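Presented sequentially are two complexes of chain A, the first with chain B as partner and the second with chain C.
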Partner chain A sequence: MKGDITINVIITGLFAIGVAAFALYLMFKMFLEIESVNLQAKTERDAILLANAILSHKNLVYCDSNFICYRGMLDANKLNNTFVYSTSGFNDTEEFKMVIDPNFWITRDKLDLGYENTIANVIIIDLDDCKRDRCVAWGGSIVNLNAWELMEDNPIYKFGKCLVESFDISLGHLAKSVGACIAGAGLGAVIGSVIPGVGSALGAAIGCGVGVIATLWTPEEIVNCVIESIPEPIKMWITTGNPISHKGIPINIVYDADTIHKGRIIVSLLELV
Partner chain B sequence: MKSQISFFDIGVISIVLIIFVVISIFLQENLHIFTKTVNVQIIYDNNEAYRFLVSLLLLRYNSSSVYESLSYTLLESASDSFIIFLNSSLYYYFEKVPKCYKLILGSKVIVEFKSESYSGDCKDTRFKAVVPVFIPYNKANLVERIYLNYER
Partner chain C sequence: MKLQLEIKWFLAIFIVTVITLLILSKLVSIALSQLYQIIAESSSQNVAIQLASLMSATGSIMGRIEVEYIPSNDISYDIEVDSMGKEIAVKAKFPQIYIQKITSEAKFCTSFDSQKIQDVNRFVIEKYEENGRVYYRLSAWRINE
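Let's turn to the complex of A and B:
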């Protein structure tokens, strides 16, 4: 009877749905390619983490007579033992030189914190002990350099490594490269035959080579690799307008149980690679 | 028979499947007519409100901690000098002058600051922290919450 739902009708309907889904799949999965390019200021994140770790370090925090230590309460005596002391907020050039002088770099036995191949400049300011806008401050540099890693992480090596890692070895890509080789060879042969002394054979070879190279990576893959291999200070500068991240976090400075001053810890981080 | 699938249908499905397999394996790369590049830029920030609040509570005011002094302000109004101390302490902790900050104990506003350019009520801010405080002698509620809200 007309209007009966038969198995044929159901199968035809399912088939139609399948074709529609397949068409959508083709459209989104094959015709349209979505590439994502990531750019992040890792230095910013690392500076935040380092500042938070420093204000919890046992070599810096105040511990009371019951051995209870307080996060974010830095002991002035411990600061004197670890950092360079200044009464002028390091406004004096000679004092500031001491902060960056390798002879005064903070060694691992004093503060075992820091990232590899970074220069972390730590300044702790006592906001309650200031004269003419110059406050008492402690400063120091945590520097961890690894020559091998510095060499290994250089931008050219990283770029090459990224290209190798993103190389596509699928059959689809092979077909694309072969097609580009054939097209390039044809074009090269024509150009080569016109230019005296080159010849169509050499022109075809060059054309094939150019075609293959042009299809080895997509422009997005190359952009991704360029971004990945950009040194951190430049990435930081692109994303925040400053090559160095400096995070200031509120802390307290404890001179004794009854003398607690407001303070701020500023961690300036420069990641070399 | 009505319920059987015709050879034509099987043939069409087979052809579609074969084309699908061929395209999937060999031609997928070539069919990328459109490329959409999504640029993702990640910027890190942290909510320092908790550090602000804890640092403030651990300061000393008139031989007792701010924490202790604050806990009494719920029962009796805070002295002017204590309010000035809280205001200046919070203000100094900031690196740059904030748009606003507000310190609330329970439902009582203790200190509040708004810059001229800020028009909001400084309540639903991006940076906020809450810490429970013990209120002695307050039989109705022995534990209250102290809130710090600020906007950079």
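Let's turn to the complex of A and C:
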């Protein structure tokens, strides 16, 4: 008679565990998948939106005598005023250094576009005037730094903040921690009594502490916090094999009303946090 | 003999339960994904991304534009544009108590004024020109349907 009850209990228990584990697996799988899709698309989307906004900026586009401005048609004179000009397509190291040199960063009064704590390198190439020995191009870096956010979003701080935010203060969790403390204390007391100089009391205290810490967060919570605290360039590098997102969009470069060249604008984004 | 009979019954129930669970798992999966879809569409993260994308996208228009965005009629949101006018934080206030109220941030490449608005669900993003200068404006209200 006792045997019947044991089998019953075991099978029922196994069912309950199986169903719970399956439901949890399904939920985590679904949530994690959608989270990662959002992360992957972010830098790509930002680069495309910035490139499109640059193509329509009043300080760069060509406007005719009636003050009608044309999207995607960049005025060569305006480009000269905003970007660094190169006839070597920035193959010359000195010219390229000027593009990334903080002294030549594009200020907000010239171009009020760009993301916070992101380095956006913009290169505009005149494809109709780009041969082996001569390639006309303009380049510049748009940088908007926010020191507070840079500090707040550093990976270690973010990881710690995420752990604190995901800390569970429910009664169920408290019971789990108390149980782990008791089990750890028992084990610690046994180990402490065997090791000379430690004693069962100190062993129990250490064991209780280890037990509580071990139950503070689930492995999923820790994995989630690790994913959240990874810096943007590393996320980009993991997902695309490159820490920078390059987006090239076709444009026209207007030298004067009769001289219009085909070109391309390449926006490279490096998101610092 | 009695024990053997009971184990046979258990095995029968076990097999039937496994088959039922396999069928149900598909239904559960569909139900969960539908629930997730509803929550995801109105979530803080999604609304923050959508708003930031629209705020950036207004920059790609020549001249004046007005974009309206209503993520949900039932859920209200708290929004905050940061002091540099380059990042928006959104907090979705789901009426269901089991959904955590998380704040999500997203960045945009245009420049908006710093502001804080609470309990809204209709957003209007504008780009306009005044005295030869370009301005961007985010307005928000609460609508019920």
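Before moving on, here are some points about what is shown:
Keep in mind that, in the parts below, the second predicted complex is superposed on the first by the 230 of 273 C-alpha atoms of A that agree within 3 Å, B and C clash if a C-alpha of one lies under 4 Å from a C-alpha of the other, contacts with A are read in each partner's own complex, and residues count from 1 in each chain.
One rule holds for everything that comes next: a contact is a pair of C-beta atoms (placed from the backbone, for glycine too) under 8 Å apart; a residue touches a chain by one contact, two chains touch by 3 or more.
If you're wondering where the values come from, they're calculated on a predicted model, not measured in any experiment.
In the superposed model, A:N252 makes contact with chain B only, not with chain C. Judged by the touch definition given at the top, the superposed model places A:I11 against both chain B and chain C.
When the shared chain is aligned, chain C comes close enough to touch A:E116, but chain B does not. Once the two complexes are overlaid on the shared chain, A:N154 sits clear of chain B and of chain C alike. Shared-chain residue A:R45: touches chain B and chain C both. Within the superposed three-chain model, A:N81 lies out of touch with both chain B and chain C [touch as defined at top].
Counted by residues of chain A touched, the larger count belongs to B, out of chain B and chain C. In the overlay built on the shared chain, the residue A:H57 is in contact with chain C alone; chain B does not reach it. In the superposition on chain A, A:A175 contacts chain B only, with no contact to chain C. Within the superposed three-chain model, A:A23 lies in touch with chain C and out of touch with chain B [touch as defined at top].
Within chain A, the residues touching chain B in one complex and chain C in the other are 7-8, 11, 15, 19, 22, 26, 30-31, 34, 38, 45, 52, 70-71. Partner chain A is touched in their complex by these residues of chain B: 2-3, 5-6, 9, 12-13, 16, 20, 23, 25-46, 48, 51-52, 54-55, 58-60, 63, 89, 92-93, 95. Partner chain C is touched in their complex by these residues of chain A: 3-4, 7-8, 11, 15, 19, 22-23, 26-27, 30-31, 34, 38, 42, 45-46, 49-50, 52-53, 55-58, 61, 69-71, 108, 112-116, 118, 144, 146, 149.
The touching residues of chain C, counted against chain A in their complex, run 3, 6-7, 10, 14, 17, 21, 25, 28-29, 32-33, 36, 40, 45, 49, 53, 56-57, 59-63, 82, 84, 86-87, 107-111, 134. Note for the complex: chain A touches chain B at residues 6-8, 11-12, 15, 19, 22, 26, 30-41, 44-45, 48, 52, 70-73, 127-128, 168, 170-173, 175-176, 179, 218, 220, 223, 239-240, 247-252, 258-260, 262, 264.
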